[in-house]
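We call the chains A, B and C, going by the order they appear; numbering starts again at 1 in every chain.
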Amino acid sequence: MIQIATVSNDPIHKQPDAAPAGAAKITAQGVNVYYGDKQALKDISIDVPAHQVTALIGPSGCGKSTFLRCINRMNDVIDGCCMEGEIRLDGEDIYARGIDVVHLRARVGMVFQKPNPFPKSIYDNVAYGPKIHGLAASRAEMDEIVLHSLEKAGLIDEVRDRLDAPGTGLSGGQQQRLCIARAIAVEPEVILMDEPCSALDPIATARIEELIDELKQNYTIVMVTHSMQQAARVSQKTAFFHMGELVEQGTTEDIFTRPADDRTKAYITGRIG
Amino acid sequence: MEHEHIVTSFDEELKAIDTTLAEMGGMAEAQLAKAIQALVRRDADLAREVIAEDKRIDQLEAELDHDAIRLIALRQPMAEDLRMVITALKTSANLERIGDYAKNVAKRTITLAEMPTVGSTTHTIERMAVLAQGLVSSVLDAYVRRDVAAADEVRRRDEEVDHLHTSLFRELLTHMMEDPHNITACTHLLFIAKNVERIGDHATNIAEYVHFMVSGEILEDERPKGDKTSQTIVDAPQEKG
Amino acid sequence: MSKAERIKAGLAHRYRAERHFRLYGIGAILLALGFLGVMLTVVIGRGVGVLQQSYIQLTLTVTAEAAETGDWQGLIKTSLREQFPEARKRKDKKQLYGFVSSGAGYALRRQVEQNPDLIGQRRAYWLPVSDDVDMLLKDAIDRSLPESDRRITDQELAWIDTLIESGALELRFNKGFFTSGDSREPELAGILGAAVGSALSLLVCLMLAFPLGVMTAVHLEEFAPKNRWTDLIEVNINNLAAVPSIVFGLLGLAVFLNVFGLPRSAPLVGGMVLALMTLPTIIIASRAALKSVPPSIRQAAMALGASPVQVVLHHILPSAMPGMLTGTIIGMAQALGETAPLLMIGMVAFIVDVPQGILEQATALPVQIFLWADAPERAFGERTAAAILVLLVFLVLMNLTAVILRKRFEQRW
């Protein structure tokens, strides 16, 4: 049995992000994104507060996922995708020359819409990130990271005796929590979530939402969701995207009780806009 | 509402709540009018009618509560829809109270009908009641038209009712001091006046909800108040000779 | 008629159409199986005879002198004369000597070399007979034909019958077919030379084509930008897959032999030519396998901060490997059956020795089949069928390997 060490001053378990809650962790200024001739994002400017959950909502194709993928530069690999403007993480322009994408993605983790565990064992899934980044010096240290991450993702009790079983054999909700464990094993500062619950049943969704609520103490979370109820339940800040524009942003309470823009009103009340 | 919902039955349910509320408002207004009429005419039969009719308002309130809770549970309304449902819930509670006050006026009217009249106080009460009834009617209009300005106006106009109430209070106290035989009737009239004053307050409450429903802002400033009865002292008249 | 009734009325027709369609499918499968059955029956029926070979028992003394001079054939002739003293005429003697294979002397020498104590002893040896006698024993020659239409005269027939009666002529397991190279004499010709030639060529082919093909596919699919040049390359690769194989042979002849001066008829060159031919197949199959890896895996690895090479090596390649292996095995199977390009680079030569390395002269299984099919001797027909069987066994073994490899790769996760 591997003991999980109590959180101490060892580098792995230090608070990954010391920024005070509410201060801007990510700042986007005048972000334009084009896919070939098509403009996907128009002049987006938004602050993402640290240690809060920021929800990006909006109809399909409104650019919310595109914006999310700008934050860890996942759009870089798409042919014909071109980005203008700047996005700053802790004041540092992540699109500046000399910024290493691999390093950026170690700081900004991501969880996808469909649970996508690697076709490997549960252990290897979680250990993969720390392994490629060289975060564990020994097997024992790696064991600790893996167990700790699984614990933080609320999955440890369900998988403790089958860490060697394939990750793809878990249920959908467990797979998604495995993906979250995999993301937090690298101890990122920001976690991006692209509709993390859209493939899950309500119970599994509730567990993920509970997890997100806990995670925001240590991480800054940006989440794209199609479910307004979910955005209302888990986020502190909400931004409404529509046809590539950031129509409205504000505290989640304001957006859902008294939105200012007619397009936001129509969208969240389910009216024909 | 400028746009319709994508789900038409959602619109229909919201509309049903609105309709119930309008009916309740109309009834509350009519009850008040009838109760005052009964008081002025010393008409015990009309008063009994008012008492009987109050049940209908209670029924409507229960109906509206049920519809609103059902809509919240099944539709999860957001933003203006949410505000509208919450406003309807609170407004209906206020209207139900207005109905109760009208009923209370009617009950006291039955008692008063068997006593002698006390000066011109009934007419002052009637003036107050007409004012209060006007507030209720304006605020219901503002609700139906989603009119913030009209709602704010109602909120201001309540002051007049308060002023009338204060002066009526003095008048009744004076009558009581003049002739202790008047005390029973005057006490009843005092309560009736208080009821009418409360109706005005409920109308201003509704005005605040309408303001919230339309603009999304919750009014936090003190509304103008003219009711000074709590500080009123009337000196006993000097004994003649 | 109501809508429900109309739908119901059409149902019978729809189900009938479905049944027919299924029957056509089953029919097609049965037809294909029938053809396969006929082919296998014919080939096995004709080729199975090779498993046995006729041997004659001759009693003789190997003298030290004969062993010294190497006159093994002389010893055999003497023994034959002793057995049939009535053959005195030159023509009769010639017929008599024709009984034994021209390789009988070598067979005798091999036996004596293995056991030198036999020198000086008089004892019986089993030695291979000529193909005509062999065919007669396997009932491939019709005795009822008139003598002039037969390859065996009445005189020979009488002697053979005598030998059979005395038990000095019988069918035994034909080890030689599986252990020796080609020969002008069908009874001595074996398949091993061609099989080893094929195996060596395929090994060279696999060593060249698999890494090259996989690397090409990985680069084109994962790293290369999508522009006009990569489109052009893609079109060319697809076209190459359709180029007749003999063209690759010509290319090999012109480049590998004439320009680079590599040895003619060597499995090295054969393998290189086959690799050229197999490359497009492997590349296309590998690209398809890479494409079928779900993008979610790629994104997951990328989002964790894996570098592009790590994404490919840790996730894409392992996931695509079964598909790539299948493509490779298909390409290899194709290469195994390929004759034309090998003809062009000289692997069609008559080579008796079993090749010991990739630089030695060799031939390949399909070429061997082609050569034997062309030979006039009746006994070669039997060997052609047997060689085809060997080729088929080879193919089945390769496919089996592929299936096993694929299963093991898949089981890892």
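Note that in this section a contact is a pair of C-beta atoms (placed from the backbone, for glycine too) under 8 Å apart; a residue touches a chain by one contact, two chains touch by 3 or more.
In this text, all values refer to a predicted model and were calculated from it rather than measured experimentally.
Of the two interfaces, A-C and A-B, the higher number of touching C-beta pairs belongs to A-C.
Chain closest to the overall centre, judged by the mean of its C-alpha atoms against the mean of all protein C-alpha atoms: A. The centroid of the Cα atoms in chain B and the matching centroid in chain C are 105 Å apart. Note: centroid distance chain A to chain C, computed from Cα atoms, is 58 Å. Chain B has its Cα centroid 53 Å from the Cα centroid of chain A. Multi-chain contact residues of chain B, defined as those touching 2 or more other chains: none present.
Against chain A, in their complex, chain B makes its touches with residues 1-7, 10, 76-83, 215-217. Partner chain C is touched in their complex by these residues of chain A: 72, 74, 77, 79, 102-106, 109-110, 112, 114, 116-121, 128-129, 132-133, 166, 168, 179, 182-183, 186. Residues of chain C touching chain A in their complex: 225-226, 294, 296-297, 299-307, 310, 314-315, 318-319, 413. Of all the residues in chain A, the ones that touch chain B in their complex are 228-229, 232, 256-259, 262, 264-266, 268-273.
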